């Protein structure tokens, strides 16, 4: 396993800065954000550490040399839009860009591209399914042709009110993953597994490591604290931001010893990237850097 | 406290049959269903043990004598439609009928009328609120004028797919109850508290007994089993009928000893009515009768 | 084992009333209060169902016939004063009266007399010990000579402020019981074991059943609820009445199934008497009678 | 479901006495022991309430009438020897007798015959398997031909030293049941499921109710207490009688509310028979009768 | 947040030694003991790393330069006597010295002075209150005038027999803190919060971080192990040293991940100082130094 | 305490390599394997870092200098055969070799020699006992005469089928240890305590630290994960390799904070050696080296 971090937490840093910090702390790899250049649409989005729309040959070589020189690998290229958004034209722009992310992952020899399935949050899973099939069939063929594995993060994307009630990503549960992988069995289709989302949905986060071991493309190390006094007040039907808080690894309810116990036993040997979405560590670049150092120290005892 | 049951489980029985069975088993009271005569719209609905649209003086006297002769009291008159349904004309019919239920409760000297707040399930709590205020202000004035207490059940009414995502009843959490009672502080407005709905929403079901002790108009004794292996598969965002099962008291996850411990300590002295919605006991009238006997035996050890 | 109740909850009832109620509910026995006739000094004290100061031969025979006629036995004669109170003259009156209780137990063939050790609450255990030895040596010789077993209840007698900090009874823990039985090894000296007091002191209430099985003279069935939200506020050093509530069996934190599991396995075959000190059931004689019926139903499933 | 008891606890009582007691307490049925007449070989064995070796037509009619007259049904005929014992001649006698039990179950219209698979305790599961196949193939054909369901109890038969290490019954775990039912898929082959044996083996006792719901022929209600202080001393590899104690329902670690919750939800409608093996209730016939009354009261709150 | 340690564990070391060790290990700060020069009165007391009775201008500058040169800040000046001791003359000496500690904190620009409220252990909280008001009113005015925040540690000071029953510090619970801050609402009055004391009093140690977030002046990182086998023997009423053991962070029952999770989420940005009172690490200076290294490694994974 | 590792995980490395790696990572000591030169008989066996059959004077000096030069001590010399194997001639070879290990431990000034008691797995503990006494009496006299402490690991040696049912080591439980130390009370006889074996046997792993504190010769830091879904399937009677997995410290169910809490409180000051038997870290020398680094980081937070 390689320990890395998600570059979204360093939006103002250059690619070289990201590599340098990773190397200095001791991280093995980084998951690089590849949003189209431009303004962020939501928190943690809109970060562009590699501009996949402008990736001429020399660029590719430069990035690879940069990684090599710092001794840090790229775990994946990532772009997390809502490709199944109700507005189809908007969705198509996201799809087109993700194709370019896949191309870039192939060009750079990274061979992992992470994203969400997307979802029209106003519709049920069932009602979203035809569009899922329509969008993802061609995308996965594209990835397969280029030898790239797509890692779908299991984040329900349900934090702010405008994401209510269904969130912006279908891939939230084992039942849905099974259906996804039944419809598209290609080995290019897998998970970017984040245990924290299982926790606040009341689910076992260890058994999927066993049940979907051959679908683990990438892993996110994020933690979460469910505040019981707030859940008592609002209930699980209320938007999660009323009762849960994303935290750094070790500051939440994931038992990371057990997590890495099972992860190592199922033979996972890929990247594990810290995803910082802890508001208590986002006040300044220094705070965010600190969060990466602390997460590194915490996780290194288990891997 | 008086131990009773909700008459909805005996739709084919006459009012006298209901009283007779209650008396035979030992129940102190019954909560009588007062749907408008006609076909049921959903499971457990559409039952009419008292037709409040036809309650001439002699009827009132007859019902009171019937109750007296069997030594069984009426804990409440009940009608659980969705008064805030999107179709306002439909909603108005429900509202008008509930006014009659309130009138009947006053006439019969029962003085408790149970219902739901209702909700447009496609809208957020916030977006439902103006309509809540519009509908319930006059209704509560009506109840107050007649000395009737309205007991709102805290059931999210989220079981079948067509109720997704918000369910058909706003009154699901302490945060919302506080808002309800702040907007309408009248003592005629209270809860028909059912602990089972707190369980599957991941909430403490004991602290509301203390925090809302002066709002406890009526209590339902229903239990629930959350099947963890199904929750692990679907997650709390999926419709609850995928991972939870209503059960008879004692066959679920409510700790009834603790429940009655706190309920007795806060001084509650009203009715506690068994609400049977356990599919394993609904195959025949005999099964349903058995469910009432079993629930009686179970609860009598705590009250 | 015989199921009974402590007669202190029926202060206004005559001995015959007590027997009659016991028989009617189904109880096998009663523990009879034998305070000196006069005004109660504290809640649950001052009850006189048998006046041991006036127990001529005919009385003895009458009481025995009464018991026989109702099919109810007397589990013990009881008197719970503070014999080690700082005021020695006052203490002596208590001691003298308890001697008479012992005599009466022998005369009636009951052979069990329950009490407290007593304690000067302002002094440490160590500082109370000399007085304990001084008082109890002669008392136990007296009991032994008459074939009476003394059952010391393990109640710390620490509920109201004036009992702070040490309470009015030394016999609160296994460490102290061991010391008691080491100093006075006579088989006439034992426990009237009440698991509820172990619960609020944070102690295992099952292992003493094994460790002191040969010292179990009598058992009290009382339950207790520790309200965590109140303990969080005040802490275990604050007087227990700020954070705990005595309750009927089944309405607290004693696991009675486990309790009777171990009690039966260690071969205990004596009386188990319900002690009602649940304020929620003390409003009226009817409430108190109800508490005895409910406790009976609850406990009969385990014995 | 029907509530009954296993007749082995009343070895000295006649069949009619057994029926009479069942009826008096309120039991719906009894599981009748059908050991060959003669001396018992081990505790709870050797009881003969119906002698299947002498079951002429009139006998059958007499037994059926007896059952009818007391309003008590026979849940199963039972005989629990070790048919796979190392001594083949001895094993054959057991096999031959169990054939007669099956015949009797058919004749009496009971259609359930309970037993163990048996096991040579000195051999591994694997090494016992050929003999299992050899013995049970013909037996199950015999049962199938007569319309009788064989209910195999999941008791490891590992209590006394001479049963170490493997116990005398192969059918101890879901893994083994699967193998049994794969080898012999006939619907005549099922389980007489006892949750207590799962408890002391550290296993979930609820999921088999779902996973083997179509194999539930009969259910035993026995409970068990694992004494942690003894397990801490000896460990799970030591013979279980060093650290566990069979107990009456409600006096052990089975959560019967959850047990009946799942049992009712999977649609089980057969017998549930109390099996008394609690030494604390075996001192006298009166004690054993008391154990049946107490178990009845305890279980009736859940069924 | 800054990670530091309490200097009391290094009584024989000079101030410079303390700074040097802190710097070498990596600590950000130290809490300096400021007892009057002289012999210690109790374990962990009597340590003087800064003599506030002799703090001429050059001294102040020297101390500040020392701190700067080692890159270590002073988190607070501390002095933990019993200012409410029964002997008023003795108490006055403590009060006078604490005034000097406050003055020194202002002079040095530290602006935090830690102490206890004090208590006459023989009196109830109520009976101590008048003296609390009398002593602390002027002290807090003094602190407020100098811009110094007083951090009261929530240690009950109840470990040795002579502290029984009430301990030597009133500030033991949220209920008492509320009363303190109601009587003296000045922002100069706050807590030096130590979660370990909540643990052995059976209290939630996380909710006070939220409820008193604006009163958190300083934090102590000490851990505690409650030995259940000893608590079972003595009960919570017995002096805590019979059943609890202070330990280094990570070797007790505080869940430090959860602690720092909530502490970071409420926005605390002040010092967290390791307080070593673990007898297993006090044998030699080397052991004590080791305890500071180990605690550093342990806590750095969470902050 | 000294932190070390068991050298068996580095079979292909020379003694100097082992010392060098220990020093590089930071370990204080190593437990050296002393199997007779030749082919391994089972996994983790057959490793020879010191050949005790060829330990001339110069060798001793060389080894001591090697240790000194790397600043690493030898915690113990170890050899873990089955000295009580059914084949007595084979057993004698083991016994003879262990005598040489003891001699070597004395010569090298290590003074600790670790092993198993051994066991004929087909026989009960009772039936193994005479041979235990016969073999170990002389062995312990030999050790005592040389001032060497024998540390018996509490591993049941029950992982593969051929070890069923009793395993190859008698010393599995406190009950057996007591018997061992009663038969041979010499201070040269003690435990090489490994908490992980207590975990999968369902036992408390903390209380033996207190109860056998004077018998703790050496400690192993190995962890274990019991997979509940596998235990549910097979039960505790099935061979442990069907449901448990040895893991690195921190990746299992041992609570190491509590373990070192009690270990430090009982005054243990000897070696604690990481024993790597985690298949997920055994793929290559690099993996195994990584396992030692990770275990070091993990454990250093507690010691």
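Brief remarks on what is shown
In this document, chain identifiers A, B, C, D, E and F correspond to the written order of the chains, with residue numbering beginning at 1 in each.
Here is the rule we use: contacts are C-beta pairs under 8 Å (C-beta built on N, C-alpha and C of every residue); 3 or more make two chains touch, one makes a residue touch a chain.
Because the structure is predicted, anything quoted here is derived from the model rather than measured.
Chain pairs D-F and E-F differ in how many C-beta pairs they share in contact, with the greater number at D-F. Between chain B and chain E, the superposing rotation on Cα atoms measures out at 180°, rounded to the nearest 5.
Note on B-D: across the candidates C-D, D-F or C-E, the interface recurring with over half of the contact pairs conserved by residue number is C-D. Chain A and chain B have centres, each the mean of its CA atoms, that are 44 Å apart.
Chain A and chain D have CA centres that are 53 Å apart. Our note on geometry: chain A versus chain C, Cα centroid distance of 64 Å, whole angstroms.
Each of residues 207, 301 in chain D touches at least two other chains.
An unclassified topology is adopted by the chain contact network, corresponding to no line, ring, star or complete arrangement. Contact between chains, using the touch rule, shows up for A-B, A-E, A-F, B-C, B-D, C-D, C-E, D-F, E-F.
Residue ranges on chain A touching chain F, taken from their complex, read 207, 257-258, 260-262, 264-265, 267, 300-303. In the complex of the two chains, the chain C residues touching chain B come out as 225, 229, 245, 247, 250-252, 278-281, 294, 297-298, 301. Interface residues of chain D facing chain F in the complex, by the touch rule stated above, are 122, 124-126, 156, 158, 161, 164-167, 172-175, 198, 200-204, 207, 228, 231-238.
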